[in-house]
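Take a look at the structures below.
Each of the next two complexes has chain A plus one other chain: chain B in the first, chain C in the second.
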Partner chain A sequence: MPFEYAPAPESPSIVDIQSSYGLFVNGEFTDPIDGERFKTINPASEDVLAEVVAAGPADVDAAVAAARRAYENVWRDLTGRDRAKYLYRLARLIQERARELAVLESIDNGKPIRESRDVDLPLVAAHFFYYAGWADKLRYAGFGETPLGVAAQVIPWNFPLLMLAWKIAPALAAGNTVVLKPAETTPLTALLFAQLCQQAELPPGVVNIVTGAGETGRLLVEHPGVDKVAFTGSTEVGRAIARSVAGTRKRLTLELGGKAANIVFDDAPIDQAVEGIVNGIFFNQGHVCCAGSRLLVQESVAEEVLDSLKRRMARLRVGDPLDKNTDIGAINSAAQLSRIRSLSEIGSQEGAQRWSPPCELPERGFWFAPTIFTGVSQAHRIAREEIFGPVLSVLTFRTPAEAVEKANNTPYGLSAGVWTEKGSRILAIADRLRAGVVWANTFNRFDPTSPFGGYKESGYGREGGRHGLEGYLA
Partner chain B sequence: MPESRLRIPKTYKLFIGGAFPRSESGRSYVVTSLDGAFRANAALASRKDVRDAVAAARAAVPTWAGATAYNRGQILYRIAELLEGRRAQFVEEVAASEPGDAPSTVDAAIDRWVWYAGWADKIAQVTGAANPVAGPFFNLSSPEPAGVVGIVAPPDSSLLGLVSVLAPVIVTGNTAVVLAAPDRPLPAVTLTEVLATSDLPAGVVNLLTGRTPELAPWLAGHLDVNGLDLTGVTDPELATALERDAAENLKRILRPAGPTDWTAEPGIERMVAYLEIKTVWHPKGV
Partner chain C sequence: MTNAAGGLSVVELASVTGSAAGFRAFLHGLPGVDQVGAEQRAAMLATRSIKTTAKAWGIDLAIRMVDLTTLEGADTPGKVRALCAKGRRPDPADPDCPSVAAICVYPAMVPTAAESLKGSGIHLASVATAFPSGQAPLPVKLADTRAAVAAGADEIDMVLNRGDFLSGRYLAAFDEIVAVKEAGGDAHLKVILETGELATYDNVRRAAWLAMLAGADFIKTSTGKVSPAATLPVTLVMLEAVRDFRASTGRTVGVKPAGGIRTTKDALRYLVLVNETVGDDWLRPDRFRFGASTLLNDLLLQRSKLATGRYSGPDYVTLD
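The block that comes next holds the complex of A and B.
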């Protein structure tokens, strides 16, 4: 007998979405010079939300020029104390308008309101609050006190506002000005953030937002007027950016893809581990670069863990992102849905066994049921490639050494998980995992004080903590 | 000893996996002293030698990265002791290789090595952190070696420059493949003889002599190399091409903006360039 819930939707009326947005350049919303307009849609309904600009070369020029002027005339020479005050203002404005931002994030991105309200927005405000405090204490951080100049920042669609915070807060604290490009499918919260910059009376040009797709991003990171490039997104694009900045003096930090192993030993607390597995791969529809997308479970408990995992998955509620009971929202775009479908079909074709709980999906919008593959070998594409969706590949192991070897058998190195009650084993395994973040008996935890970033082809540089300042100081 | 005793010249070879092979290509090139006199036929390393050196460096990673910081510090200090014992030989070779005050250059190189040896068990305390996260979690960030680092050694400073780029890479637990200064490689080869007798595990340092434009692209493009130090690449176009090659597997790259003063005390940047920060979370509870 399924447990029925009454719908409990958060009202979208808290947020006022305009029919059309310009670019945010030099403190003003401006019409494009040579950019064209495109539509952003609600992935849960496919309804058009607004028209935004795909910024062209002249638009990017104007934004970089505004950032340069603001850097040279205002921001660079402002005292750290005053930069801190602006950042504290922004942190407070975000807290004041957190619900509005959360609802807009869920509408534009498709993520459950429970996550945007309880995870994304609190972290966004905390991030600004944290780096605000660094602005007048840079001399104690150990990376010098000289900003780089204009930072070009390109962010993905999975955590639109949180990635904006990770980029803008440390850049501004260190005395840089920024031109930020949000992802083409999720521009709206960045544009609302631009309004907060106006409310904060941030000097014009310190933050500029140019919307658009990959081409706008390319124009921005290749622009000769930028001193720093910070990118979060796919390893493929990260590689292209690393090539394009070769031979320039631009500083580069990259936070790229992952294929994290989540290792469950036979002495793990199984119920907690299953919650961790679910959180690891189904949080944010699996649109998480550090998602625990490869479950490595010790052979002796594999059956027990899988039975429990399947029971838990059958309780996951997929549907309206604005419903407070929803666990899994909409896939962010038709293109991403098609990639998830395609890799899942390849998983079946290569011989892995696919399973999803019975799950009614809405007719309109982009949806994918939570899915696991068992009988996965290390050579399978679903064990090697980042799917970026609610799809878990399950592999087994017998010894700790085998677990470590399989976990590290990937060109990525962003995150990993380990579940065991034995403390000495946690520390030994954590030492051997080649990943920038290791969650032991937990998963997908984030904090502004805690450095985050990858080994190997998951990129370089760290975001968060004292370490997060390094990429913005000379 | 009779004055007419014939000197026994040394064969200068490559250093790969703790052994001293000639180049697999069978090639060599003439190295002359500053006044143009013949010094030696150095091995002219090939692409295959680069690949062998990378394989040796990779094989040495678990042992060296897994050694305790104290142990790495002990071994590096031991290397300095052996350098001191061979001081006269290094002075002679450096004097023949480059202009300048060879004795003080050698002294600076030995002192530099001691300086870095002392960092082995301190760098984690300077670059790590205990993070005060907003929740009941233990949260610790620690540096770890990036893995295998390719180094193009400075062409102008055959010993002090080499020591200044090599010691910071290995003291933190990385292993290295070094391209020695092409025109003055002999002090570098003699350094490998010190390394071979100093308890440094085989493969931690591998050193090739030869031509930078021929060898460096194979190092930059090798997918089992994690970091690349372009300090010794003087041709900006080659350096840019190498950066581009290195992007294929997102190598950590160090390319100084201008010339380096090898006599100045270095900061920690050369160590930090090839360190990864790992953050470990664990819930607190009873």
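The block that comes next holds the complex of A and C.
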């Protein structure tokens, strides 16, 4: 008799979602000057959650001006120790209100509550704690002690609050002030974070949040009043930003796409490798720039690994993001869903074999079953382009040299994984992989002390660790 | 020879125990276990939230899987009789409450237990082979086993010879299990790996395969006399082993975590582990057991809480 888990939903009542939000400028929520309102929806139900502002040119001007004033009048002259106090305070508030933030993140983004509760929120708090510790020790980081000024930060929808933490914590620790634009489909946790800034009595203007879509982002990064641009998102937009920033005084860091290889050798711990493959591509519905979207498995164990992987995938629980037992939640938006669908169609057309476990998808909302493609070659588009969804391409290799060659044969270079019980092989392969992060016998593990960033078209600059301060100091 | 999960023919399996070197090569050729990964997987499954109907179903199943155990020097016939009565009707106030799977005692207590369990359908398990250390000559272990079976035990919980295993004398440990299996006749054989003394998950996987190849019907984590006893990751590794063993040989072996499982929450976590590692096929008392003594009382307390909406208290379940 099958063991059916009864629904175990986390209650949404803990979080109070307002019907309408303004912009967070100079420490206050303000009505837009020239921005228009648009709706943000719950991707799991398509219900409207709230109205937010698409900030216009005058709104962006006001936010940048507020950040400038806060920088010149307060923040840059505070001692590191005093800046640290605010960051520690924010970190503690994030911990105190973690459940509320996690629920809101799952509602707005579609990711399972298990992940927002056990991964996103602990990392968000850890990031603030970590950079709070650096604030009075900048001279030991080795990148100078002078802040840059006003940082324009544009973040994606896949880890809304975590990306906010990656951007804001080091910027503030180093003495900069920020104007941050969350993604248009996931603005709500950033706006709740703004309330936390008020609760922490952060000086007005140190953190400003302007919501909106690509146009607002463009206004922000092209604004002459910003000294630093930090962007996480697609390579296409990253290129446009690099072009617009070229020739200005602005410093730029970019964290862009990826098409990571997850390399499984025949002496790998198979059961854990299968877990790592699943975690590599199905974590956060595959909306992860460093997702292990290309599985390179040694031919001699390919069949065994694939059998285990399929058996494991049949156990994945797809559905209500707020159910505590859900493994895979909703795709973040209709646009993303159609991109995943069309690339998957192309995979089939190009001759790869598509497989998904039997799974019932809810009728409303945006859903995509976990999918693998076998018989994929390097020439297939699904092996080259970032799908940013729960779709894995499986390729095989025979020798370590072939594995490295295939892993590196991509315009991207954000992350990679190596699975083998042989320590010397881990070191030898990691040395030859052109990827910013190489995981050994694990995947998609993050820590604020560890720098993260890409090679090649995956961007430049590092976030996290001591290296993460470099982009905010002169 | 491919590795374990790759599938082995019966002939190949018979040949792996043909020589000490060959057997060693086979056991060391099993895929390794990454400690961090295995523990992470077990910890993730422990976050599953089992509520309402699923909880009620799980509690009843867990009761039916309990090997209600007393293994103390101070055990008396009276205590064993009381335990047997409790095993038959765990909740005297509720005739719908299922019986436990088995009563587990020392060989000296088997005659008393056999008498008390007559006609109940509850299995009678006896530890044997110089439990818990196994430090006795083989003839003594075999005599121990025969005596327990002769007195009425239909399940034998033997201990793996850790001395042989840890010093690499795999074939000697294997031969001992084969001999005990033979001495036990039709009795179901559970082989206790004593994972707390094996120290690594690689060892646990090898010991599991060794025991299964030697004819174990069940593999069991612990005696309960060594700390740590059963843990979720150890049980995960053993479940993976029985799953792979069945894929290779077609024979299904059961798993019994024992020691340290005290609460309903613990028990439900193990059931989730079974469900998501090997599936429904093992979610039955002849494939999965809990070796426990105090667990039953907590299962009963939670069971009546679900039924009545109120917690009773320790005075409303019987002392062991």
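Odds and ends about this structure:
One rule holds in what follows: the second predicted complex is superposed on the first by the 471 of 474 C-alpha atoms of A that agree within 3 Å, B and C clash if a C-alpha of one lies under 4 Å from a C-alpha of the other, contacts with A are read in each partner's own complex, and residues count from 1 in each chain.
What we mean here is this: contacts are C-beta pairs under 8 Å (C-beta built on N, C-alpha and C of every residue); 3 or more make two chains touch, one makes a residue touch a chain.
Given the structure is predicted, the values throughout are model-derived calculations rather than measurements.
By the touch criterion defined above, A:442 lies against chain B and chain C together after alignment on the C-alpha atoms of chain A.
Touch criterion met: A:315 reaches chain C, while chain B stays clear of it. Contacts of A:238 after superposition on the shared chain: chain B is touched, whereas chain C is not. Using the contact criterion defined above for the overlaid structures, shared-chain residue A:276 touches chain C, although it does not reach chain B. Contact with neither chain B nor chain C is seen for A:77 once the two complexes are overlaid on the shared chain. When the two structures are aligned on the shared chain, A:268 is found in touch with chain C, with no touch to chain B. Once the two complexes are overlaid on the shared chain, A:36 sits clear of chain B and of chain C alike.
Annotation for chain A, partner touching more residues between chain B and chain C: B. Of the two partner chains placed by the overlay, only chain B lies in contact with A:462; chain C stays clear of it.
Touch criterion met: A:256 reaches chain B, while chain C stays clear of it. Shared contact residues of chain A with chain B and chain C: 441-442. Residues of chain B that touch chain A in their complex: 126, 129, 131-135, 137, 139, 141, 146, 226, 236, 239-241, 243-244, 246-250, 252, 257, 276-283. Considering their complex, residues 126, 142, 235, 238-239, 242-243, 246-247, 249, 254, 256, 411, 426, 430, 435-442, 445, 447, 449-453, 455-457, 459-460, 462, 465-467 of chain A touch chain B.
Partner chain A is touched in their complex by these residues of chain C: 2-3, 5-6, 31-34, 36-38, 40-41, 47-55, 57-58, 240, 271-272, 275-276, 280, 283. Those residues of chain A lying in contact with chain C across their complex are 1-8, 114, 118, 267-273, 275-276, 301, 303-304, 308, 315, 324-325, 421, 441-442.
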